[in-house]
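One chain, subunit A, links the two complexes that follow: it is found with subunit B in the first and with subunit C in the second.
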Partner chain A sequence: MDFAANLFSAGTLSQILVGLSRTTILFIVSSGMSLILGVLRIPNVAHGSLYMIGAFAAWSVIQYLGGGLPAFLAAMIVAPLIVAAVGFVLERGFFSYLYEREHLMLLLLTFAFMLILGDLVKIVWGPEYRSVTVPAFFQGSAEIFGLPLPWYNLFLLLVGPCIAVFLWLVINRTNLGKIARAAAVDGEMVGAVGINTGWIFAFTFVLGSFLAGLGGALIAPMVNISLGMDHTLIMETFLIVIIGGLGNMWGALLGSLIFGLTQSLGILVWPQFGIAFPYLAVVAVLVVRPRGLLSSTW
Partner chain B sequence: MRRSAAPLLLLLLTATLLALPQILPRFHTYVAAIVLLTALLATSLNLAIGYTGLYQFGHAVFYGVGAYGTALMLTRSGMPAPIAFLVGPLAAAALSLVMGVICIRLSKLYFGMLQISLGSLVWAVVYRWYSFTGGDDGIHGIPIPDAIASPKGSYYYTLIVTALCVFAMYRIVRSPFGKAIQGIRDNPVRAAAIGVDVKLHQLASLVIAGFFGGVAGSLFVVVENSVFPDMMFWTFSLEVLIMCLLGGMYTFFGPFVGASVIVLLRVFASIHTRYWSLILGTILTLVIIFLPDGVLGMFVRRPRPKESTGA
Partner chain C sequence: MLDVRGIDACYGQSHILFDVSLSLRQGEIVGLLGRNGAGKTTTMKTVGGMLRPKNGTILFEGEDVTGRKPFQLVRRGICYVPDDRRIFADLTVDDNLGIVYRRTREWDRERVYGLFPALREIAGRRAGVLSGGEKAMLAVGRALMSGPKLLLLDEPTEGLAPLIVRALEAQILRLSEAGISILLSEQNLKSSLRLIDRAYIIDNGRIRYQGTAKELENNAEIQRMHLLI
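For the complex of A and B:
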């Protein structure tokens, strides 16, 4: 195996760009998880299921509206909203009563929801693969430094920073975001000054779920939408959030970059064991900085 | 469980377990063996999570490494079988030591997540290393020594090994070492203050748990004659955790009960329905909301550790 030749071949740059567009998805999903972890202290294993529901819902919306760019864009908005509604039900129906429990119990409860949601998806959409075709508008490739990059990947590369800026604005420039951040540091104190923390928590969970659904909807044209797509993603998301620093939005971004890039480069360098590289990166980061790269609210 | 009733109950249980293969048909004997080895697995996990208070989220990896170690020794080396049955668990214990040294510096959730991450690394290697581990196909048709190859033979082998291991763990939990790890679970700072080496005890507990998890894996090889990477996937780790939770994490025999319930339910539910996860998830939700101490925990009161602030 000629590692060096693989690494410095012409394909490397486009591989990096494709890797970056996948990073966008990872970032969107893991920023949602990070938000929920930071404010609600719930290690939400069901986050991956919400992502999966987002993808299936996007497929359904596109089927219902009959394809084309408008249908596609509508799906990108409607599917996350459906997922946000599911998140609302979960938070108000279950989590809101259980915040005082140990983290272990909460984690297992979310695992229970992952199992339940997985089977509900199977009941609603059936066990078959689904696929969404990229709308004509996004078909074809752009030329970047003489290398082809699919338009859809380029679109994702633009969406990522938009989401990051949007989240930054919500968290730092709105009252809701400021209260949520305060609640992350000391929820009891926020309650003591007369703010209804219950609704802040609900809002955070719904926003986090929306992001999971958006990630799922955005990835829909790039993969086979299938049962079990939540299993690998949730693990990746968890690790991203951990290496970034629990509850830190920029940590989620940094973690996604590390994870996405080691993954795409790893596959380039050593195809057989490429999937092991991101895990190695996580281990390396945690051995050097046990609490993640950036500061954590925990 | 009252103390006076315990010996009688134990005798009854032993008699039943010994008689099972004589009464039950072939398939049910096989299921009983799976129940036993899964119960051993859950009990070994409970040593780390229930007794030491470490968030052992990747326990299935030790089970898988124990199984793969045994399977690879049986298929690829010319060594006699007893050595293979020892190498698997020892490999699991060694891995447990390595992972423990890396993870032990972290607390609670971080510990658990790093362990899952390292476990996923092991899983990814096993899943892809076709030439050595058989990749996602696993290894099938593993040659088992004749004496324990038949369904009845494998059942009795599993029963004896499980009984020995559970007894050993029972003694460990009752030993001064066992008291020390429970002290660490309830209050690590206080335990350190009275001179307990917290990290060393935690590490030892992890290695012991990993070893017995590996033994359960080697039993799986005997009963199933095959191994596959899914048995060390992280979802299975959490499933074993559910067994502990269901039975009761602060009791010794709780995980045994939990594992029996879950394995039996899965076997008989999957005959009738495709939606096993839905059932398991619903049970888990109900247990967490209504029975946080588990089924046995309702009868045996134990002090529950307080969640320390700042996780």
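For the complex of A and C:
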């Protein structure tokens, strides 16, 4: 059976690696969303827009600096910082006024910002596709078990764990991270021990936005940067965060793995319907564990 | 030091506190006694800034602090310890103490551990798994980290075994000796009489009685009307 032969070949392995590099992007973006959802209780529908801005901003930075590896790496840092600044303005300028209001207000506001940011992107960058070429350094492929795996995918496989470790350190080893964890569970009590939660919320939102921007910047060389790239991603990100457990960083990682791997392996099993597999996995997870795989802060 | 003047407070549509006034002098332990649902916690929360009074003013060291947020009051020297403790369950004992805003250098982890040696033993443990007594100590210790001048202790001994109650009471007296003023809410008259200098009795959201601990002890009529004995 070519079905079984497909499943246990070197092709499977390289497909897993491709899936894992896709997981990296999903994890970076969804960990940002999960962070914001956990600490600020904002289901940020505009998170995908921040990701899109990250991709466009990366394109602009690379254009401005004229390409090459240094320009590319600079873009990977500057673009997320630009998005983080946008996040800061959104949180301090708008969201921070609504925390004590009804929850629905926040949700509506994020939806409004999804539309507004989408149009702003159109005004700033225009409606055309943009594309970023992978710098020469990352061009070509490595041979893994006789099959080619693009260097850029390998680069992503390195970046993913780095970000996971970085987030773990921020959340578990810094005072700010500890306060954010406490605020995720009991924000009022954090205020009652003398901490101005407003700044904790701003920090968390900015960090979450940075991650969305980083995801967008990292995916820039792999896709056509276009209006609407936020829509598919926001769907996927929400599903990942839901199956992982709302507000749980490791849940975001687990959810991204499930999503990324079922997608890439699904293509092997049944090419025409590969795209359906992650969604089936989501359904399966939610049937077994409706509140997500890992404990939620909600 | 603390002067609460005629505050009214509501939860949504329901009016809970009516014209509550009370005062507290430097270094005193004042009891706020009453039955379950009498308005003790609401009074404590209002003084602690978690609930904004509809009317009335709260003066602290002569300054009007009505309507300040909890974090601002903590920085001013007022710290509220809730009756359900609300320790940060995901963090270790050490981190529960470590993240608190510190107003002065007088209080640090060492001093808190000195006061509650049992906490030092479990410093690395996740606070969520602590026993009731340990949680109560941690809640007080956490408040102390902020270097409070006034502690609002909301039923600190609620739900604890008698032996642990005694131990915690001894620590509360030591805090008072260290110069911290304490407003202590309590249902149980007998246990609170071991601590307090004066008391207010609250019932149905109104202050019904005020007097020294001694006067209250001898007033069977008031005890029968407003308290559980």
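Please note the rule applied: the second predicted complex is superposed on the first by the 286 of 298 C-alpha atoms of A that agree within 3 Å, B and C clash if a C-alpha of one lies under 4 Å from a C-alpha of the other, contacts with A are read in each partner's own complex, and residues count from 1 in each chain.
By our rule, contacts are C-beta pairs under 8 Å (C-beta built on N, C-alpha and C of every residue); 3 or more make two chains touch, one makes a residue touch a chain.
Only a predicted model underlies this, so the values are computations on that prediction, with no experimental measurement involved.
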First, second, both or neither for A:Asn196, with subunit B first and subunit C second: second
First (subunit B), second (subunit C), both or neither touched by A:Gln272: first
Which superposed partner A:Met114 touches (first subunit B, second subunit C, both, neither): first
When both partners are placed on the shared chain, which of subunit B and subunit C touches more of subunit A: B
Touching partner for A:Leu239 - first (subunit B), second (subunit C), both, neither: first
Partner chain in contact with A:Val288 - subunit B first, subunit C second, else both or neither: neither
Touch list for subunit A against partner subunit B, complex: 41, 43, 45, 94, 98, 101-105, 107-109, 111-116, 118-120, 122-123, 231, 235, 238-239, 242, 246, 272-273, 275-276, 279-280, 282-283, 286-287, 290-291, 298
Parts of subunit B lying in touch with subunit A, wherever the complex brings them together: 49, 55, 102, 105-106, 108-110, 113-114, 116-118, 120-121, 124-125, 127-129, 233-235, 238, 241-242, 245, 274-275, 277-278, 280-282, 284-285, 288-289, 292, 307, 310-311
Sites on subunit C touched by subunit A in the complex: 48, 50, 69-71, 74-75, 79-80, 82, 86, 88-91, 95, 98-103, 142-143, 145-146
Subunit C-facing residues of subunit A, complex: 175, 178-179, 181-182, 184-186, 188-197
